[in-house]
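Here you go, one structure.
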Amino acid sequence: MPEPRILTVAEALREATDLCMRRDPRVFVMGEGVADPKAIFGTTAGLAAAHGAARVMETPIAENGFTGLAIGAAMMGRRPLIVHQRVDFALLSLEQLFNNAAKLHYVSNGRHRVPLVVRMIVGRGWGQGPAHSQSLETLFAQVPGLKVVLPATAREAKGQLIAAIEDDNPVVMIEHRWVHYATGAVPEGHYTVPLDGPRVVREGGDVTIVATSYMLLEALRAAETLAQAGIAAEVIDLAVLRPFVADPIVESVRRTGRLLCVDTGFRRYGAGAEIVASVVEQALGALKAPPVRLGLPEHPTPSSRALLGGFYPTALSIIDAAATLVGAGPARVEGPRAALAAALATVPMDVPHPTFRGPF
Amino acid sequence: MTGSLDLYRAMLRIRLVEEEIAARYAEQEMRCPVHLSIGQEAVAAGVCAALRRDDQMVSTHRCHAHYLAKGGDLKAMLAEIYGKAAGCCGGRGGSMHLFDHDAGLLLSLPIVASGLPIAAGVALSFAQEGSARVAVGFCGDGSIEEGVFHETLNLAAVHRLPVLFVLENNLYSCYTGLGDRQPARPFTDLARGYAMPVETADGNDVHAVRAATGRAVGRARAGQGPTLLVFDTYRWREHCGPNYDNDAGYRTEAEFLDWKARCPLARLRAELVRDGALDEAAELAMLNAITAEIEEAFAFARAAPFPEADTVAEHVHA
Amino acid sequence: MPEPRILTVAEALREATDLCMRRDPRVFVMGEGVADPKAIFGTTAGLAAAHGAARVMETPIAENGFTGLAIGAAMMGRRPLIVHQRVDFALLSLEQLFNNAAKLHYVSNGRHRVPLVVRMIVGRGWGQGPAHSQSLETLFAQVPGLKVVLPATAREAKGQLIAAIEDDNPVVMIEHRWVHYATGAVPEGHYTVPLDGPRVVREGGDVTIVATSYMLLEALRAAETLAQAGIAAEVIDLAVLRPFVADPIVESVRRTGRLLCVDTGFRRYGAGAEIVASVVEQALGALKAPPVRLGLPEHPTPSSRALLGGFYPTALSIIDAAATLVGAGPARVEGPRAALAAALATVPMDVPHPTFRGPF
Amino acid sequence: MTGSLDLYRAMLRIRLVEEEIAARYAEQEMRCPVHLSIGQEAVAAGVCAALRRDDQMVSTHRCHAHYLAKGGDLKAMLAEIYGKAAGCCGGRGGSMHLFDHDAGLLLSLPIVASGLPIAAGVALSFAQEGSARVAVGFCGDGSIEEGVFHETLNLAAVHRLPVLFVLENNLYSCYTGLGDRQPARPFTDLARGYAMPVETADGNDVHAVRAATGRAVGRARAGQGPTLLVFDTYRWREHCGPNYDNDAGYRTEAEFLDWKARCPLARLRAELVRDGALDEAAELAMLNAITAEIEEAFAFARAAPFPEADTVAEHVHA
């Protein structure tokens, strides 16, 4: 059998877009910088050359305007994919996205369709600062009519983006900048990863860890270390925040009795809150300990790395939370945790760590 | 090519539909906000007379006249306002969400200026398909204060999209006059910022509106890009609802009477009578035909069944 | 002692604004229609006449622009109060509100202050439709740096608005249109109701009902009926969604063992999720039954009243949920519930019911 | 009144600070994005020379020159870029959030056009206080594509606010040229849509910039409202970062050399030398003084302590 093809998530997203543009002439890409030399962190690299400026449209700096433009084209049967280089910029387009894209199918009693994909990127590292680093996934996830997906691994990212482009509904894809670097085996050609809910990524019987986006990579790293300490963590990629499907999580917690949620965005009012609430509604009796939520604290993102030490959940904080949750004393995880901590310490914390790049 | 008589019939039909809505609104069976177009009929009729059925328009909260002038189904409109299953939105939208895609009224939206980039996007789809169809986005004098109006004009201009932006200036945004919201300058100057052709005409002169629109449509179909059209007109009744509100304090009875004297229907009627194109008999026949249609449509809408409660969660996703 | 002064919430808000404008010349009001004949449902009635057009500024239809204008004035020490006639319109201003108003104090290391109040109104009834009826309170509540308050009763509304205007932070006040009609005894003169968390409105030992805004009025009506059936509900007004304070709720659930949350906005990703998650984290053992959440279903608001029958939680659905939660059979609540149902049936469901107007 | 020599010193200081940042960026101790202003110094120096210290400016992601020209503290700026506690934001903002309220640089924001309505709001506060101070909002050629630019100009015009909108046209938004983003028309036409006075000048001619700004400031202080100022200039280095990027493919080396030949510093220097206002000795003294200041400031910023990790949650609420 042939060597598996290892791509970064950024390359996988680029490949998905190129493939969909080749398969369907109605697909086009629009946004600020989609055809420029940086090509949205490489995710649109070469597309303008391959498909022409008419299908890879540079736009003015007008997020609300070009979002409406895309909605109008989508209503007429085109299949636009638009990109925002930061979630923070997409805040300018929420009126179009929430009032129009999300509601037109419903309010037209099913007659209108808005096959639109909105990609937006979560900044992190190198002093990004408060307005270039927001994730805000539950902001989008609470709006009926949207689908919201957060890719974490390369194979899924490609399949999820193809599924999103082929979906007849508006799909918001929130991509963490550091996820772009993650590598994994990516099949050639066309396939989809359905936007239909969580996916068990690693099996284990001691504790259920639910994470999204970059936090999934941290969780997987933590699970490895926990395994070395004899703690078997089941890791679930929530992946799709809307439509929200709790069943695989509930089912897992019924087996493990312990739930740890790790949000990429804020902990307060985060996806973890909905997960915990849904689980206790259905499986209160199965809980052996109070569920634990990790996520961003209740303040903006400072620029200086000196202030970021405790800002983001890490494999280490996930390990500690999981160990406490299963009632394992510090002694039990100490060794493997120390080894991981040492490995992590070799790289500054404001750049993505190589060992978190997979292959996953 | 629509003749003057057809234009008059179109305007009269709009007027009579709106007046019937106003007359029946107190029955409290039309349980949604209504923004009537009485006084502004010439813009709707004139613009639509210059369009083809397959051209697509995007309208606003004040969409009744646009919907009717473009050929939208009257029964589906009234059923929608009555909240019935036979409504164009199945009762889900109400008066501010009227649409009839087949007739070329793609969409109406209750959020000010929100439909403008969508109209430009419709034009983008026409351009991508190489079709000669044009898109039209309606907006009021308040809409041009929203940033997205400007983002849209710039987008349409730089991509030379086949779209018309029809600015219906009725001097007020709700109960606030232009002077409290914008500096004094001709609206036509707005187009210069986007190197966009502009047409302006008396919004109560349906011929002038049609002619101006025709020129813009010609450019759009010829691939020469968008046009801003500016038509001055006047809303006779209150911003939202069936009544007159000249006593509310934000505008004067005198101003209203002045505009009423320039009624777009009376103006065209005088011309038709002068030219012998409309005599009493013909007018009566026209009036009776329209009245009969309206009565039948209201009867239909009132008798039509409500949507089934258990369908409420359908069509969230396609 | 004198007759208590009964005002509507709308009148109470108007009085609070007028009082603050008289006390502090830096306070001014800005928005679309603040000086027009409708005066934002009467909440700004007479203010332009009393304080002049310079302090009650009509604005163009430019939500994002005038929000930024208010932020700039606030940074310079003015105290703007801006108003959006619908939450749906405020979506256009989130970039200013989230990236600037909420973060400037933090990113300036405490040097800048943004003493700004943003009022926005939730539409309901008379066929409002999908884009004139959104509540979206957790959208605002998830942003650190903002304070978010939802008034429900007249005395509190006046005190909360005065507190908001006197607060040195940006405060978002989300007012339900039907709450404007609610009446209650309102003290004369200056007083504040601190923006510091939930408030027990009615005491009871059988079940804890947490609600906000108009749902608090429904909950109180339900509690009365439940009492007639011998079920003692403790009703808590969450009131302030940010900063989020769970303690009084946790403390109440420790006593009742049962939790029912009623969201004014969406149930999914709603405030109820955060409440349930916070409670189970701290008081899992105290729960005698799985917590229950009520709120809006996962679709937009249809216009036709024929479709709205089951859309909004009501006193009746709250009664049913509470009764089930305490394990009371239908028989036990049947009588009082039927009486309430009959009373409610006398008024169409798309206009506010007189018996829900208090006085509270 | 700032003399030509002071203007030259101001521009040279900006140039040398930026070049030192560029030279040291590879050390990876300034761990935040930097948007350098090299090539655009005349706009910053000319505008600020026409202002009083207590006038307040709001800048963008490209704020270094504005901050320095307005008198912002150099040590606090560099410490901020180094992420230190002594930074103007205590390390919380980085290069795109520079401010020095006392010097009259109220705020810089990384979101395009986001600072413009805030600048107008500052002007509103001046108007409410009856002060003669003016506010300045900087924006690039990309910023005018954002709707809020237009909402702000309309708001400023209708309320006649004492605010200047300084449009720094450097032909590009990141790596996208004007032609891909806007139709061809003079930027001055943008002001007509708001009946707003407009001033335009060569952005590399500091005298012209100062004179144009002076006229606008005069009107603003006299209660005659806002002005749009349009200055053409050029960014020499990459959009974000220390390097040159003429090989990246979005612009040509020739274009860059053409603009470099019109260096705003060289231009003023030639004038000073011609007028005998600057001889070799004086220039050397100036150079040494500035270099010494910069070296000291970098030494300070590098040696300064980082903020304490446990202060991270402070100042969420006032």
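Residue numbering begins at 1 within each chain, and the chains themselves are lettered A, B, C and D in the order written.
Simple rule for what comes next: a residue touches a chain if its C-beta (ideal position, glycine included) is under 8 Å from a C-beta of that chain, and two chains touch if they have at least 3 such contacts.
Since this is a predicted model, take the numbers as computed values, not measurements.
Undergrad: What chains touch chain C and also chain D?
TA: Intersection of chain C and chain D contact lists gives A, B.
Undergrad: Per the centroid of Cα atoms for each chain, what is the distance between chain B and chain C, given in Å?
TA: Centre-to-centre distance between chain B and chain C: 37 Å.
Undergrad: If you average the CA atoms of chain B and of chain D, how many Å lie between those two points?
TA: Computed from C-alpha means, the inter-chain centre distance equals 46 Å.
Undergrad: Quick check: what residues of chain A touch more than one other chain, meaning two or more?
TA: Within chain A, the residues that touch at least two other chains are 59-60, 62, 64-65, 88, 92, 95, 99, 106-107, 129-131, 144-145, 243, 298-300, 302.
Undergrad: Quick one: which residues in chain B touch 2 or more of the other chains?
TA: Expected reply: 89, 92-93, 97, 109, 111, 145-148, 151, 154, 158, 180-182, 316.
Undergrad: Using the definition of touching given at the top, classify the network of chains in this structure as line, ring, star, complete or other.
TA: complete
Undergrad: Along chain B, where are the residues that touch chain D in the complex?
TA: On the chain B side, the touching residues are 145-151, 154, 157-158, 180-185, 189-190, 192-196.
Undergrad: Which residues of chain A touch chain D in the complex?
TA: 32-33, 35-38, 58-62, 64-65, 88-89, 92, 126-132, 297-300, 302-311, 348, 350
Undergrad: Using the touch definition up top, name the residues of chain B that touch chain A in the complex.
TA: Within the complex, chain B contacts chain A at residues 56, 58, 89-90, 92-93, 97, 99, 101, 106-107, 109, 111, 114, 116-126, 128, 135, 147-148, 151-152, 154-155, 158-159, 314-318.
Undergrad: In the complex of these two chains, what residues of chain C are touching chain A?
TA: Residues 64, 88, 91-92, 94-95, 98-99, 102-103, 106-107, 129-131, 134, 136, 138-139, 141-142, 144-145, 243-244, 265-266, 268-274, 276-277, 280-282, 284, 287, 289-293, 298-300, 302 of chain C touch chain A in their complex.
Undergrad: Report the residues of chain C in contact with chain D in the complex, numbered from low to high.
TA: 28, 54, 57, 59-60, 62, 64-78, 95-96, 99-100, 104-113, 115, 144-145, 147, 168-169, 243
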